[in-house]
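The data blocks that follow each hold one structure.
In what follows, chain A forms one complex with chain B and a second complex with chain C.
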Partner chain A sequence: MEKVECRRVFKLSALEEDALKEFFNMGLGMAADSLSQMVDNEVLLSLPQLKIVSYEEATAHLVANQKEKLVAVRQNFIGELSGTALLIFPGAESLELVRTLLSDDMPLDILSELEQETLLDVGNVILNAFLASFTQMMSVEFDFEAAEFLKGSSEFLLNITSHLATQQRAIMGDSVADDERAVLLMMDFKTSDEEKKQHTLSGFVVLLFTRQAMAVLKKELETILGQW
Partner chain B sequence: MAEMDKHLLTRALDVSAVGIVILDPDQKIVFWNEWMEKGSHLPFDTVFNQPIFELFPNLVNSRVERAVEGALTNGLPTALSHRLTPRLFPLYTASEKGGKNAKMSQMVLVKAIRDSDGIRYCMIQIEDITNTVSREHLLRNQARELEKSKQIAQSANQAKSDFLANMSHEIRTPMNAIIGMSHLALKTDLDARQRDYLQKVNNSAQSLLGIINDILDFSKIEAGKLTMELVPFYLDDVLKNVANLISIKAEENGLEVSFHVDKDVPLNLIGDPLRLGQVLTNLASNAVKFTKQGNVVLSTHVKALQEYRVVLVFKVKDTGIGMSEAQQKQLFQAFSQADSSTTRRFGGTGLGLTISKRLVKMMGGEIWVESAPEQGSTFQFTATFSRKDTDRRRFRLPSRDLIGLRVLVADNNPIVREVTQKSLASFSFQVTAVASGEEALFEIENALGNNQPFEIVYLDRNMEIMGGMETAHEIKRRFSQKKLPKIILLTTYSQQDVVKAARTDDVDVFLTKPVNTSMIFAASMTVLGHRVAHANTALREQIANENALRGSHILLVEDNEINQQIAKELLEEEGATVQIASNGQEGVAAIELVQFDAVLMDIQMPIMDGYVATRIIREDERFADLPIIAMTANAMASDREKCLQAGMDEHIDKPINPTSMFQILSRFIKPKQLIADKTNPLDEREQQEVVAQQQIPAEIERQTVLLPDTLDGIDMNRGLHSVNDNKTLYLKVLRGIYTRNQGIAEQIKSALDIGDGQTAQRLAHTFKGVSGTIGATKLYEISAQLEEAIKFGDDTNISGQLNLLSEAVKPVMVGLAQLFEQEKQHTNTEIEQKTLDRKVDKTQIDALISRLTVLIEDGDSDALDVVNKLKKIVGSSHYDAQFNQLELLIDDYEFEQAQVIFQQLVAVLSEI
Partner chain C sequence: MSNQTAIIIDDSSLARMMVRKIFATSMADWTLLEAANGDEALALMADKSVDLALVDFNMPGMNGIDLAERMMETAPSMSIHLVTANIQERMRIRAESMGLGFIKKPINAAKVAEIMKHIGH
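The block that comes next holds the complex of A and B.
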């Protein structure tokens, strides 16, 4: 494939971007509902930013926001449209999220085993909501791997080969990381606790696609928009 | 992958360490491994083909059900955590924890899997995390316990340091009285024996204060509460202070103390000047204490110099008794001096060096000693400071022409001579040093002959045979035709008054020893007619105007009458006029009416404390530059901080050290002539009134005071003793109690009734103080108990003590009533005389009274101004109590009560 063509493939039109945003917002509403029920406290989620960027840009964005090790929940999806969905937090923020959600006052400054589990649960709920609203629109079939808890640098987390090692074949056609595209969503969490002050913290939802998958995605979007 | 034996795979799932359940698309159980059988106590054949949520009806509508539905319809996996999933499978843990059949804590994964036809099935995987949960539960409790004990420890520590602060306050307040009063008494006419006694009282009090300070510092170190400040300071100021503190003692011992600072030592530093001064003073006063004859030299040089940091070495060398090696080893331990016999001989707690060692460590340095018996001792320490101004040349000559200027130094003490010579040489002067007046004359003559005359001559006043004064006189006499050098005379502390009195034309500048480099530089530049750009406090004190306080007008805001008296009299001696306000509110009001040069502000006061008063004053732009100096007896670094935050300029420790109080005040009070240019808000008449008002009390005080032989419930001897036998003051305090504290028990009770425990406690505390002062022992004891009871909320004790108090107050007040009825008649005649003398227009008083009657009736707060005018015209402090009460009431809009007081006042005034 010619390089010029590549760029064209990865560029989404404004309409296509809006459509994506719409899917994600629906997902977000579901996620917030589920979370609110789970923690018996109102949880508000909002998406202030959506960007479609290259691997380098995504890495730069995460690094600029946070230097420490990042904590993430990942969920791989496999099929015609393969990729990875990640919910990424800076370490301290993830700790705060869990403790806020659980109204926990554990005076330890690391995530305990059970807290990791809880974070996995929360991340799973959010990512599922995204993926559900996302996949329901598509005509292609998906399979999902179980959610996993990860810790690592932004370079590691944003490299699709870190995640799809078992599906090497699926990405064989794509050579290196610079061909990867990421959909980067910045997400704000807010919980309102009447007794305590309001907690607000930010995380990222990242969808990593191979070049191949991005092309499928674009086609799918065109189909959906054509139906409207 | 090769086709595997189905049995093998089923076995693998069966024996795996997690629970595995497989559901068909209709949510019916198609697989249930052995782990599940054990955990649920349900064999596979009893659950096979059963819809899972019929088997476990309590999971209907749970997260588990939604997860299963999600997996079967969308293929989405779900991880269900223990904390966020209240309803899980009813399984029992295999582990022993919690006994048999204990509920299992679970982590559940729900996933979609497809069969060979691509149909979605659901797999549930369950992990037993019971052990993890209980482990973390334990961990959590431990962490919480730890946090709790940390908090307890912290609050205990806080209590300890609060105790220290209180102790410090309680001790310093009476110390203030002892030191201040004996200082004042020493200035009165005394016979030799009395003077000796008082001098010893004063000295002992000073050294007791030193010991108390040491002990407080030591306990602060023990409590880890000693803090270092980081403020910009000027090294020479610190050295000058040390010089001031030790030079008198040194002179008494016949010692010379000299200071030398190396040329390359930067003087603008950032650190804790007070703590540095404390270490230096400790070392230097030890040196003076243990040296019978010879010299004490305090020198400073650089160990390492970086652009923004410097490590300095301070060295205190004496020619005293010295120490053996064994003695040196014990030196830096608490409560130990060289040996117990020296402890007896020289006194002291032996804490000084322990504290110094700690302070030096906090300044990033170390301290050590070199010594041998009879060979003197050299204490050295290093300290690290940040540099404020990295300009290395400290003493910049104003003109290149001055390089190589010829200077002569004549001093018979070789060490002082050398230090002076070095300092002068460091300015790139060409210095000749000699040991006597005769040699000085010879050198001057010689230099004139060679046509290289000296421009400046430094002469020590105390040279043998021909002293500095004589030499100076000879110089003027012999070389009067020639170009005369400028003459700077070095004198000692005790001589300065004599020398000043005998000021002659022979000498251009007097310098009091010990001198430091800055002073020598400034003096040299001054005689050469150059302005010193480098002015600092040490110089300003010596060279600039010596009495900034003369003619200044100072407001003293202080509630304690004894402290009022001490500060007022000390300041008046220096030529200042002092107005007193007894709490913050009065202070704020006073500032509105009269212009002051400075305010001395106590911190702990009733009605309005010093912090609040300062903040109010600072809010008004007119008073943005008014110097406000705090006086506190707490002496903790945090208090100092608080004072500065509230907007005060400086901070004086109680007990008041007169010298440092004058120094601090003169730093803030502008010289009188500058102030005269400002527009004065008072017209001349008002000013006269103000001055007259301040003079009257002083006049009354000088009169003989009539005290009865006994007073009910009062140990008068004890009382008089506590006010230094000042009968006038004693009477004042008694009158204060009589007018203000008749209903003390009721006042405390009504404060308690409205739940204002703080006021109640303060009232009890103040009353305890005054009753202690007048010698009302019983009242003192009761109010002390009462204060404690209020503090701890001990209700039964409170009411008991209140009853006791109101009973005990009665006889005292009856006794006082008799006294003051008698006294009133006595004073009234005097007042009458005074009134006639001052030609106060009685009609004016009457006019004000009738105006006031109307205003108070109308509830008009303008009444306050009229009260003030009336007070000025009446002009006697005898009615102060009533006037003050009246003012307070009007200020609080209590016009009905004001009416009562006013009528009483009118009745008394009409007798004039």
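The block that comes next holds the complex of A and C.
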């Protein structure tokens, strides 16, 4: 019954799903351009994946093959379209990114000290580029909350209830309902390792929407697709 | 009346729809072929002469650069343009060094008009 309910609430046509993936693709294309300029390396992108799932399913999906500690920058956006964007790195990869951005010979303890500040700056640039491009064909306006740095086990970090509850509180001043569903869009990326194998970075970007946001998104998709 | 033929190769239905509408509106004298991936495109083009190809980069199976290489072997005079969300400098350099046009998504009528100017249509 749960799955039927989920599909009913979040029913997207094949064309709407396709359009959403294309917007995500455009968003990450722009974000990858920002990242590639920062690390002076090409960023390779996977094909977008879209899933409409419960929190539990989303967490299970995200933590699959992610046994190690993760680091993320979370960027909530609030307005006509609200949601959460996450830029996620396996823990060691985030330090490599910081090392690439700052200096190859910086001692590890200094790098670790600068990790949070650096990743917040990087995450903010990347996620803003991503969201601006993701919504470029839509008529929605939204504001960004301050980016947050998160570090911990995958279960902790990918506690989607917590991400959505934060959003929901900002929108409704209320806690998120237990049966709330999430729309999950994700793409993997990694830097090309042609020259500096030791600096190969990988991570993924995740976009989460609540049911309310999904209704807004669906309306936007209908309008955009109606034009073509 | 032009007898020219273009092909759009993109796994996104939205991207193909946008190109279809632009051609229907502004370039109705062109024949437009559509393919969702490289294999489909090569099959479609096997027995047709195509003047202009608009190729996405990030597709299942063959990517747009590999597909363009294959198309250049069989139809060296075809004008090929990478139409991509992947706007990194290295991607642009790679495309341009192969002689491909490089168009940032989303495509629109103005960008298609620029391509037409470039190919002297």
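Note that the second predicted complex is superposed on the first by the 143 of 228 C-alpha atoms of A that agree within 3 Å, B and C clash if a C-alpha of one lies under 4 Å from a C-alpha of the other, contacts with A are read in each partner's own complex, and residues count from 1 in each chain.
Everything that follows uses one rule, which is that a contact is a pair of C-beta atoms (placed from the backbone, for glycine too) under 8 Å apart; a residue touches a chain by one contact, two chains touch by 3 or more.
Because the structure is a prediction, the values reported are computed rather than measured.
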{"item": "Touching partner for A:Leu102 - first (chain B), second (chain C), both, neither", "value": "first"}
{"item": "Touching partner for A:Ala146 - first (chain B), second (chain C), both, neither", "value": "first"}
{"item": "Partner chain in contact with A:Thr118 - chain B first, chain C second, else both or neither", "value": "first"}
{"item": "Which of chain B and chain C A:Leu45 touches, first, second, both or neither", "value": "second"}
{"item": "Contacts of A:Met30 with chain B and chain C, given as first, second, both or neither", "value": "second"}
{"item": "Which superposed partner A:Gln75 touches (first chain B, second chain C, both, neither)", "value": "first"}
{"item": "Intersection of the chain A residues that touch chain B with those that touch chain C", "value": "136"}
{"item": "Parts of chain A lying in touch with chain B, wherever the complex brings them together", "value": "38-39, 75, 101-102, 106-108, 112-114, 117-118, 120-122, 124-125, 128, 131-132, 135-136, 142-147"}
{"item": "Residue numbers on chain A that touch chain C, as the complex places them", "value": "14-15, 18-19, 21-22, 25-30, 32-33, 36-37, 42-43, 45, 47, 133, 136-137, 192, 224-225, 228"}
{"item": "Chain B residues within the chain A interface of the complex", "value": "63, 70, 74-85, 107, 109, 111-112, 114, 129, 132-133, 136, 139-140, 143-144, 146-147"}
{"item": "Complex contacts: residues of chain C adjacent to chain A", "value": "11-15, 17-18, 20-21, 58-60, 84-91, 105-106"}
